[in-house]
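Order of writing sets the labels: A, B, C and D. Residues in every chain begin at 1.
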């Protein structure tokens, strides 16, 4: 790893080698990734408004800068300068902490995601990576529940409760839909999962059902339309963040978009071949990219970014297309359709793997 | 192994800090009046314990600890505390005279346990710590036999693999039946939670349910009804 | 390497605190949280011993304990909800239809 | 894992599949069809019993299963006893469930899963298999105790049972974790070998004490008995019958197996504690029962005392002691279920005949039932012509031969005390006039009363088969302990 940037590495000469390898490099990569993600998140909000405008045959924001392109700078500035209101009767400490809670796991997860060919673009490669990602994303719900509760507002509390029920329910198909992929690749390491796909085919083909369930569950996990019940404007004013304004609101917003990004990255890695464009080991594989040097690595990153961008747009597309579910329909969909379907998918995958293995003998 | 957590200084600092947070927050769990605060400190304790698991080389269990406790159980706790609206609970006196007995017993228990456990007598280690990552690995390799036909041969070895693989092999080979029993009691829990938690509606409440929900009218029919088409 | 007995004593502290909580608190849900604390102390002890002994069996226990904890949480909280519906309280002392 | 292993696990497999089918059955069987549910459950139990016979002859399983479970005669004895007891409780429950307010299918399904858990407990030779079985039983029991969710006291019972049960599970687990550290394994045979070489290891001793405390909770022995009266009173009566027989018998099965197979060489360290617990259970249980006017509460305290008697058999650490435990569990189950059936037979308004004065003048309105009740009470008290005498004889003899004469004296004295409060019921039935509660003519409950009556008398008068069966069942465990 330090061989790729010997000059920078020499700066850390006085620090013991394992410290450089395990602490310093990941930190630098994380800071860079953090900055990029903040930018992407802000930019996504602009894209969302423009795309929605296009879909609804209107213009969307177009005043700040050419084609409204600077809107993504103006929005955070507005939120930063806004008055910070704490409602009377709020649970002060909890109200204050709540917006920070979802941010932490959302950004920690980025440490575990490889954005491009390893080792340069993978901050870490943990052998239980996928499980850790699941674990971290599942803690994102606390901010929402706590925010809803601490606001001392009925609508907020309802939003928080809905969110808790929804996220716990969809956690199950979310996890189960991945099991098929794990069975095919035999590893929890994301790099390894991508590697298996470039040697065979993208998992989306053998795991079409799993991919579909994952897509639905990931949309529900981040409370996006058509599953945006926790913040349903027409029913709950704005749900759990009704009472939040200014930077605190911005934090919730940031966490939601960061989670969207995480999930988009995950679906690309798990089902769509990550940064590779290869079938059966032919095409742009990780190895090809690594031998091409910086050009290849950047190419891998760009391919990855393009795939992720598609799924980010897909989220927005969903929002522009589907009407919102009713809460009982949401639960029914999760428990009566998604979970059984995911279980059937696992069983079928297992049987097919066994048949192929024994039949190939 | 180049695990950074094996570095003495780092791991010592990690243990002291994380352990201190765990103890402090668990004291707060049992002393906070508001169950929501208790639940949040319990969550913190769980996360600290998960970090300690990872520091002991059981990263798979650590991840599962976060997933199960933080992602599932504590959300459920908070959900219920909020559902039955915690503010309606009467103020609970935490340290009354009778509860001092409990404190005394807890402290006494700790002293006994600490004296005994500090002496550090336990069974001789059966293996080196790497054994947490060792599993029986069955590899099938095609071998061409004398007649020219390809046959699969199985080789069974004990390899050092990841913690996840080792745990998986043990769970599905040695502990298969208890694992199945675990699925049974999870089923029982699910059925039981529904049986106990579901409220039977009485007659007046049943009337209050809109027809389209009670009768499960499909959305298309409802649309027709609303639009009059 | 941190000595195993340190982890064991940390486990003992958490376990004792859990017992203390069960004995002193009167709020059903907080008692349940104290029980979860005890169970976590058990997990910690098992893993500490598993590392010391170099055997996977301690890890297996933690999985089963977690499964049980999840199942107990579901059942227990459902019971608390049912009780709250009757009594509007989850104070275990006020659940006194049948005196202790 | 081979097909032979599946055969070995056949009863549990049949039962768990059957339990799942019971959950799915309402789709075709009708939501409120309690009768269909009852017959389905009985059919399942018959299938299970058949499977136990088949599995018992299936031979040794492969290594993967054999280390965690056995199908020795000890396990088979308890499994068959569980099936019989659950079958009787199924019939007792039927009437309560027929009015359709509470779903019968889920009830029986939970009962089937509980039975499955008990069977795993009986055959487990590794603490993990015992623990998962125990939890399966406990979870189902919490739910069953609160099954009458529209009644506050049932829900309260569930809450108390749950809170205290979960606490005891935590204590049990901590004990197991310390034993694991001391012995390096949790297989009972491995524990037994490790324990023999490490007498005086304090971590091990405190682990065993915590484990014992958890087990004492499950069998409802003093000082871990506080939940018993409330839960027994609050839970629906058939569930109380389940808790006081099936659940307690299962707990004793693991109590006996763990102590005889795993911890026998540690006996000097735990015998005084178990002796104290046994003495306290007999004294507290019987004395507290004297003052009760509610029959359910009285029987609850009496069941605490019975746990004390049965502990004598564990304490004795001898062939005759273990035999005594098995015999006592068998006769206790029949007498106790008979008593609960009588409680259910009497109805005053909504509730079963819960007060002592509900039995007033029963002799006149229903002489057969009054006689049956007397036999059950005599059996619980341990009076000669009934089966209870045989059980107590073995237990007391074991205690004396193991050098616990003082405990045997306490046991005899306390049996005399128990006869005092049992006879309050007899006096009410035979000597008092007054409005007895209605005897609800339910065929199933009457059937159970007759079956229990016949069993109690037959086992008391012709006990040879039972004694021989018990002797055969304990053989593998006693061989281990004496090694």
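Heads up, the rule we're going with is that a residue touches a chain if its C-beta (ideal position, glycine included) is under 8 Å from a C-beta of that chain, and two chains touch if they have at least 3 such contacts.
The model shown is predicted, which means the values in this text are computed figures rather than measured ones.
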| item | value |
| --- | --- |
| Most remote chain, CA-based centroid, reference being subunit B | D |
| Chain nearest the global centroid, as defined over all protein CA atoms shown | B |
| Pair exhibiting more inter-chain C-beta contacts, B-C or B-D | B-C |
| Cα-centroid distance, subunit B relative to subunit C, in whole angstrom | 11 |
| Rounded Å distance, subunit B centre to subunit D centre (Cα mean) | 31 |
| Inter-chain centre distance, subunit C versus subunit D - centres from mean C-alpha coordinates, in Å | 26 |
| Multi-chain contact residues (two or more partners), subunit B | 60, 64, 72, 76, 79, 83, 113, 117, 119, 122-123, 126, 174-175, 178, 182, 185, 188-189, 192, 196 |
| For subunit D, residues contacting two or more additional chains | 128, 132, 135, 139, 142-143, 146, 149, 155, 158, 181, 184-185 |
| Pairs of chains satisfying the touch condition | A-B, B-C, B-D, C-D |
| Partner subunit D, residues of subunit B touching it in the complex | 112-113, 116-117, 119, 121-124, 126, 173-178, 180-182, 184-185, 187-189, 191-192, 195-196, 200 |
| Contact footprint of subunit B on subunit D as seen in their complex | 1, 9, 16, 19-20, 23, 64-65, 67-69, 103, 106, 109-110, 113, 116-117, 120, 128-129, 132-133, 135-136, 139-140, 142-143, 146-147, 149-150, 155, 158, 181-185, 194, 201-203, 206 |
| Touching residues (chain side subunit B, partner subunit A) in the complex | 2, 4, 7, 36-37, 40, 43, 59-60, 63-64, 66-67, 70-72, 74-76, 78-79, 82-83, 140, 142, 150-152, 162-164, 213 |
| Touch list for subunit C against partner subunit D, complex | 8, 11, 15, 18-19, 22, 28, 31-32, 35, 38-39, 41-42, 45-46, 48-49, 52-53, 55, 57-58, 60-61, 64-65, 68, 71-72, 75-76, 79-80, 82-83, 86-87, 92, 95, 97-98, 100 |
| Contacting residues of subunit D [partner subunit C, same complex] | 128, 131-132, 135, 139, 142-143, 146, 149, 152-153, 155-160, 162-163, 166-167, 169-171, 173-174, 176-178, 180-181, 184-186, 226, 229-230, 233-234 |
